[in-house]
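The structure's right below; bear with me while I get my questions together.
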Amino acid sequence: MEALIALAIGTLTGCGVYLLLRARTFPVVLGLTLLSYGVNLFLFATGRLVIGQPPVISGAANYADPLPQALVLTAIVIGFAMTAFVIMLSLRAREEFGNDHVDGAPPQAGDTA
Amino acid sequence: MTAHLPIAPILLPFLVGTLLLALGRLSLPAQRVLALVSVLAQIGAATALLVAVSGGDILVYRLGDWPAPWGIVLVADRLSAWMVLITTLLALWALIYASHGIDGQGRHFHVLFQMQLFGLAGAFLTGDLFNLFVFFEILLIASYGLALHGGGPARTRAGLHYVVMNLAGSTVFLFAAGLIYASMGSLNMADLAAKAGTLAPDMLGLARAGGLLLLAVFALKAALLPLHLWLPAAYSGTSAPVAALFAIMTKVGIYAILRSHTLLFGDSAGALAHLFDPWLMPLALATIVIGTLGVLAADSLGRLSGYLVLVSVGTLLTAVAVGTNGIAAALYYMPHSTFTAALLFLLSDAIRRRRLQHGDGFTPDADMPRHALWGGLFFAAAVAVTGLPPLSGFIGKFLILRAAPGQPWVWAVILLAALLAVIALARAGSQVFFNSQAATVAQAPKSGASPADVTLSGVSSARELLAVGGLLGLILALTVFAGPALDYANATAQQLTDPARYISAVLGGRP
Amino acid sequence: MQLFLAILTPFFGAALVAGLARHGRTVSAWTAAGVTAAALLQLLPLMAASFAGTTTIERLPWISSAGLDLVFRMDGLGVLFVLLILGIGLLVILYAHYYLSARDSLSRLYAYLLLFMGSMLGVVLSENLIQLLIFWELTSLSSFLLIAYWRGREDARSGARMALAITGAGGLALLAGFILLGHMVGSFELTQVLASGDLVRAHPLYLPALLLILLGAFTKSAQFPFHFWLPNAMAAPTPVSAYLHSATMVKAGVFLLARLFPVLSGTDAWTWLVGGIGLTTFLLGAVLALFKHDLKGLLAYSTISHLGLITALFGIGTPMAALAGVFHIINHAIFKAGLFMAAGIIDHECGTRDMRRINGLWHAMPHTATLAMVASAAMAGVPLANGFLSKEMFFAEAASAGSEYRLGWLLPAVATLAGIFAVAYSLRFIHDVFFNGEPVNLPKTPHEPVRWMKVPVEILVVLVLLVGIFPAQTVEPLLAVAAGAVLQGPVPGHSLAIWHGFNPALWMSVIALVGGAVLYRFRRPLFQLHDRLDKRLQGRLIFDALMQGLFGTAERLTRWLDTASLQRQLALFVVSTLVLGATGLVLVEAPLTGTRALLAVDGVSLMAGLVLILATLAATALHRQRLTALVLTGAVGLIVALVFVKFSAPDLALTQLSVEVVTVILLLLALYFLPATTPRESSAARRWRDAGIALLAGGGAAALAWAVLTRSNDGLAGFFLENSVPGGGGGNVVNVILVDFRGFDTFGEITVLAIAAVGIFALLGNLRLPGPTQDASGRAWDSDTHPMILATFARLLLPLALLVSVFIFLRGHNLPGGGFIAGLITAVALIVQYLANGVSWTHARLPAHTHPWIAAGLIIALLTGLASWLFGRPFLTSAFGHFDWPLVGEFELASAMAFDLGVYLVVVGATLLILINLGLVHRASANPEATPWKP
Amino acid sequence: MKKWLPHPLLTPILALVWLLLNNTVAPGHVVLGLLLGWAIPRFTLGFWPERVRIHRPLSLLRFLGVFLFDVLMANVAVAGLVLAGPRSLNPMFVQVPLDLTNALAVSLLANTICLTPGTVSARLSSDQRTLLVHALDCTDPEQLIHTIKTRFEAPLKEIFEC
Amino acid sequence: MLSSALILAFVFVAVAFGLSFFRLLRGPSLPDRILALDTLYINAIALLILLGIQLGSPLYFEAALLIALMGFVGTVALSKFLLRGDIIE
Amino acid sequence: MSLITEILLSALVLAGAAFTLIGSLSLVRFKDFYTRLHGPTKASTLGVGCLLIASSVYFSVTGDTLSLHEILVTLFLFITAPISAHLMAKAALHLGLR
């Protein structure tokens, strides 16, 4: 199970990074979304994987570590706010530049893209 | 009330920011007054805090009355108080400058401004790693809004890059925090420092990775090579008062590096001790070099100032890397570099809006109104920023050099950088001020006027002068009272280099 | 305090003069002169004291902890220089008043001059070396202003920049040298430094310190190879040249040599460096001076040469030589200032300084001519002029010192040779200008200047003669105290007289005089030779080339580094992060896999995991079809939520699910205005590079996650689980952490959300994008804007959704849920109304601007936090209690719930504000009632 | 009256839902449920101004019964078709003319159609007179239309209209 | 017996997941993909309920509730996007 | 719990899972979009319905109180599922899928 989760985190991060390195705003936003999924899972994983022991006091013997969950919740919210902002910014850029290239200008021949 | 002193500089801007948001339809002048009052109050609070901690005791504020390391604590030691005071003082003049009209060119300037201060104060005062992340996000999201205030393609592009870079940075911060928690089992900095010594060997790798990822994040915020590329565009792109306020933003990164360098990875950190050492010095020196190249290559006052910020970052971190005396020197140099950077941004904006054709570019133009005055101000600013005598910049550089005997590289880089800065600024100054056809003071419309332009009414230019003069005054004060300032800096450096007091203050009896 | 005030006086004077600018030239002239006199008067008593042999030291504490107090020192050397600075200063002020044309602002010149004067005083009266350096650099700065006085002229600007660059560089070297010196001695104060000569000379750091300090001195005193800035500084007005470039600033270098003579001199390094450079400069300057057609150019090079002479004298290192050096400082200052002023008069009268055109002025201005001739006689070292005496001493020292060293004979030889050239250029100065036929088409017709313009020159010439004829009676005492201060010991026996009998020195003088005459007579071939070499040998050209190269390289490098490309920045960041993380993880010898017992994987999890991974990969692979990628991302989000459920984090699952919905809507809203597909721009190589980076990043993250997951570490969980119910009054520990244990995080978190909303609102401003009129495949949009069925059920769902959100909110403290999730549910329910019924319909029923909600939420959160102050508890301290009402039954109220209410409000407000305003971006959907509202 | 209790039907429904949500009939929750059931409609009044009238409560119940039964049947049938594979079915679009006018009724009908016999309501004509229905396996469109009209439309009509 | 039934059920749902995802990947048309996503949501509900029964904990129920309540919003938004482009107008 | 309830539960669980599976199966088996559309909207609703009843029974038996809130999920599904189906069909028609 751990391997599966680690693999998932890796994939999310990797793909996020790849999309982040694209030249248009929308892929970058998607990349950030994937990246935040990845990091949220990672942060969650720092509480280790526990099945069927949600940290809701019910007289059970032991519970999952609640702290990482709280942190992830905060992270999710902040991530959402940030994503929203970038999306908005991409629209603003679209208006200002007339295109959706992250550098404002579609690349010249042989230039970075 | 004194019991709540540490949280005062945090809550004040939050309160006012929220009020400004609630009273959305408040008239601009009213908003300005409110914001000004708030900033003055913050200066008061910050000063009180500084006085309170100057004796050497460390104030700990347990939020929610929960003990560390479980609850979040605010920790006010000499360093934090120093940074907060610098921030508030800077904010005052930036605000005054902004109130000459730039704040009216978009919505919610003052809300964002106050929230920015909220984030800054929190970042400097919190004693919890994840809470630091949260406050980073606050000051970043506010800075996003501010950076884009006013609009225009160049600004939007720079803003976009700035935002995306910092989002990537935030992600890495989360990875780092996760690693630290996973390996060291805490988020409270003091607790981490206490646990660092006795770290299980199989956790070492994770902890080290976490620490170095932190370095990456802080380096990005501080614009340390090679993560500096966002800075010049972002700073020269945005509106002047915001750029001035941003002078403190890089310092946040430097503060974070300094804090973790001394507290988390200090001498007592066992296997984690001196984690940053192999990286800090070379990167800092390289930053100075690259920054200086940029200074030489700059074609406008704005970019020039941007790169000068870079140089100051490099200088500060070099000093930090030197050791205790270096840290003291850095702490003295910190306010100087902050204020001078702000001063330069404000000046170059004021000059830009006064020159007829070429804005702040290095091309001859007609004399601006009150040529001599602005020329003189620029000369003073140049002296300050290049570290020429007699202003505080020289003292700072002198202290740094003095702290690093037998490190020829540091000497060579810092001195050469200073020389090249002098050359570059001499060229810039003589191009902008000396080489100009006299007369023709008429305000012809500037070609390609940027949206940040406002008509030069008497009031506005009075406010500009007030702000610029205020910053110059701060620099002068820093020069005249260099003695006390340095004593404080020395005391701070001492406090930083022995974290035991910090730890015991936060964790109470626990070691 | 006196010294300090005296030094401050000129600075205040500068401000004063600048302030009085509009009151006319005479006023500023008198003010400037008055200020100078005042400074002199303040210093007189102390100078008298040091004549009596006492050294005055004043101290003002400044940065004591860094050994940098303001300490001033008045001793013999100080006296000498104070006299030069202020005395000649007065004359220059008088002279400038008549020299400067009415167009130029006299007050500006005076202001700068006084600035310089003050700095110079500071240099010569400093006890603390660092403080000395501060003033030293100030002289550089003020000379920059003075040289660039005629800011309109390119040569003035470039000359000023060059002077600043070179002297500035020297100053920085000097700073380094001084810090080293202070490091060796343990103090920056001259008293200690001068006392510990032996210690310093024995110290391993002696050589570097010496080199750095000499660098400073030589740049300032225009010694070879840094001499070339001085001729270019001649673009300055002549009074400035007369003051800075003959008497004072250029003397600062040799002053330093004199000041530190007891500490640094007496080693071979000193002798060879200082003596060698001095001699070279002496000769070089003399030679070049001969060929300058520009009057001031000639004088500039002769100054260089004489400075070389003085340097050489200090280099020889004997007390006698030092004394001679001091003596020549005096003499050169006097006659060279006079010569510059004379040259200025000539320039002023003829409108040019080209000696090929200025000829035979004898008839036009005999008076000036006489003055100039006497002065240049001193320059040539003709008996009865003061220059002769010191030069004679020099020859004597050269002769005697020469006998001690191998190759020593070079010393007198070179000295004599230089002497010959000195005589030659002095002759030229006289002969070319005042005789040698008629003037060649001068701009003006020259005649004697106004009376007062000549007075300063006359005074100086008189001094030349007085010193030259009755040295013992006039200059002796001054020389004695000065030399005493330099040597910090007994002054060697010497007799200042014109006639010492037939000794080598006399013969050398004779040879110089005769040889000079001859050389001048046959100068033509030399001139041709020089003109051929001159093109290549100019220091200025080299300097300019250097600057060009510097700026060029900087620009190229910066342009290469700083392409405003986001992708490069990101790539750099990712790579550096990888490097740092890797070094952290790899450089310890612990296995990656830990010892924790692992969970077995079951079919569903495997399937879900695979779906997650494949969906992610697919979304990346298909990212060009943006909508498809979006749908796939939606699937990813769903599975992430399922993962949270699976591993006992129901709260996270709920949050993730609701955020997911909002995010999808957000992205769709944006996608409407963006192209439907991403063009294929990146080159294959680049895609591979990125893929590589991505692979490494993913691998790294996976490795870290694996390492974390396979190690156990009980974090802080225990405390939270124990205290959640008793301390926080809630069973849902996660929620209790959020609103209580770490409520401050949440406090910040909602602020972030609020600021984001506000920032977005501000950012959108009046942003109005035209939506595409047809979809990507060119199909027109469907006509049905609000499908009726959807509309109906959306309304039907609203109350239900609200009910659910209330439910989620209330249970949050004890069971999965809470303000944030509840807020999102509410927000989504309302957004569905927008989806189904459109903006205008909904705005008729909902406020367009939810700022008040956000503000209210924040304030509620704040007040809940502040409430605890009333009970003397810290911010955000929570309280809760159980109540029992009839009929209602027992229920719990916690202050944390109020806090959570704040969260709820902020979430609803922020989410709506963001989405609605995004929806309003479309021109069509922006109806007046909803147009952005002015704050 | 209308102002204070806009949807007399909604209140008990919401109260019921509330109790279901909390899985309890504790008096406190009953009170709270009724309170919410009263408050929420007040707040959402703007979104749902017209009051819903149930003319024949009994036929509503009968309709519900029929509906649930058909759902069950439809599901089984579709499941069978799915298992039988694509060859066994012949899908087609059918235009169903509508007599209903009430928006809610139409929507309910559309929903019902979606959930019951192998059909999905695909598009409502702009004049809301005809509903385009896609049938998974239909041999006789007339038959289908007739079923829909009699089985669902009629009861809905008598419940919500006339 | 229940446990074994649950295991079998899990397998069913897992397969259902796979099938829906296949459609999601395969497309070909966007409505197909949206439909697949919608189905994934419904499968998720099933999964959650099964999980709840298996772990004997009611804490997972709200997740199912939430999906049932809000899962369709995404689908609707996507469809509306295909229909109108501008989903909030 | 008693054998009968266990049998009942097992049956319900299996039936539910099976229907869910069939619903998804239709996505793969059918050739065109409109036919695929039927699967999820119907089979799945029933499948989920069965599972919900199962869960309701289970928690009513194991837990101390009657657990009926599962009904709500079904209720919501009955409201929402058709809407999505309807709109998807509408979109498909708009795109002119055959």
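The letters A, B, C, D, E and F name the chains in turn, as written, and every chain counts its residues from 1.
The rule we apply is simple: a residue touches a chain if its C-beta (ideal position, glycine included) is under 8 Å from a C-beta of that chain, and two chains touch if they have at least 3 such contacts.
What you see is a predicted model; the values in this text were computed from it and never measured.
Ranking E-F and B-C by contacting C-beta pairs places B-C first.
Comparing mean CA positions across the assembly, the chain most remote from chain C is D.
Seen from the C-alpha centroid of chain B, the farthest chain centroid is that of D. Centre-to-centre separation of chain C and chain D, using mean CA positions: 75 Å.
Note on chain placement: the centre of chain A and the centre of chain F lie 31 Å apart, centres being C-alpha means. With centres set at the average Cα position, the gap from chain B to chain D is 62 Å.
Centres computed as Cα averages put chain D at a distance of 17 Å from chain F.
Annotation for chain D: residues 17, 21-22, 110-111, 121 touch two or more other chains. The multi-chain contact residues of chain B, meaning those touching 2 or more other chains, are 130, 134, 137, 141, 144, 148, 151, 157, 160-161, 164, 168, 175, 178-179, 181-182, 187. The set of chain A residues that touch two or more partner chains comprises 20, 25, 28, 40, 42, 45-46, 51-52, 54, 56, 67-68, 71, 74, 78, 81-82, 85, 89-90, 92, 102-103. Touching pairs of chains, sorted by label, consist of A-B, A-C, A-E, B-C, C-D, C-E, C-F, D-F, E-F. Touching chain C in their complex are the following residues of chain F: 76, 79-80, 83, 86-87, 90, 94-96.
Here chain C touches chain F in the complex through residues 779, 782, 784, 787, 789-790, 793, 796-797, 800, going by the rule given at the top.
Across the complex, chain E meets chain C through its residues 10-11, 13-15, 17-18, 21, 24-25, 27, 30, 33-34, 37, 40-41, 44, 47-48, 51, 59-60, 62-63, 65-67, 69-71, 73-74, 76-78, 80-89.
Of all residues in chain E, those touching chain F in their complex are 1-2, 4-6, 8-10, 12-13, 15-17, 19-20, 22-23, 29-32, 34-36, 38-39, 42-43, 45-46, 49-50, 52-53, 56, 58, 61, 64-65, 68-69, 71-72, 75-76, 78-80, 82-83. Within the complex, the chain A residues that touch chain C are 1-15, 17-30, 33-34, 37-38, 40-42, 44-58, 63-74, 76-78, 80-85, 87-92, 94-95, 100, 102-103, 106-107, 110, 112-113.
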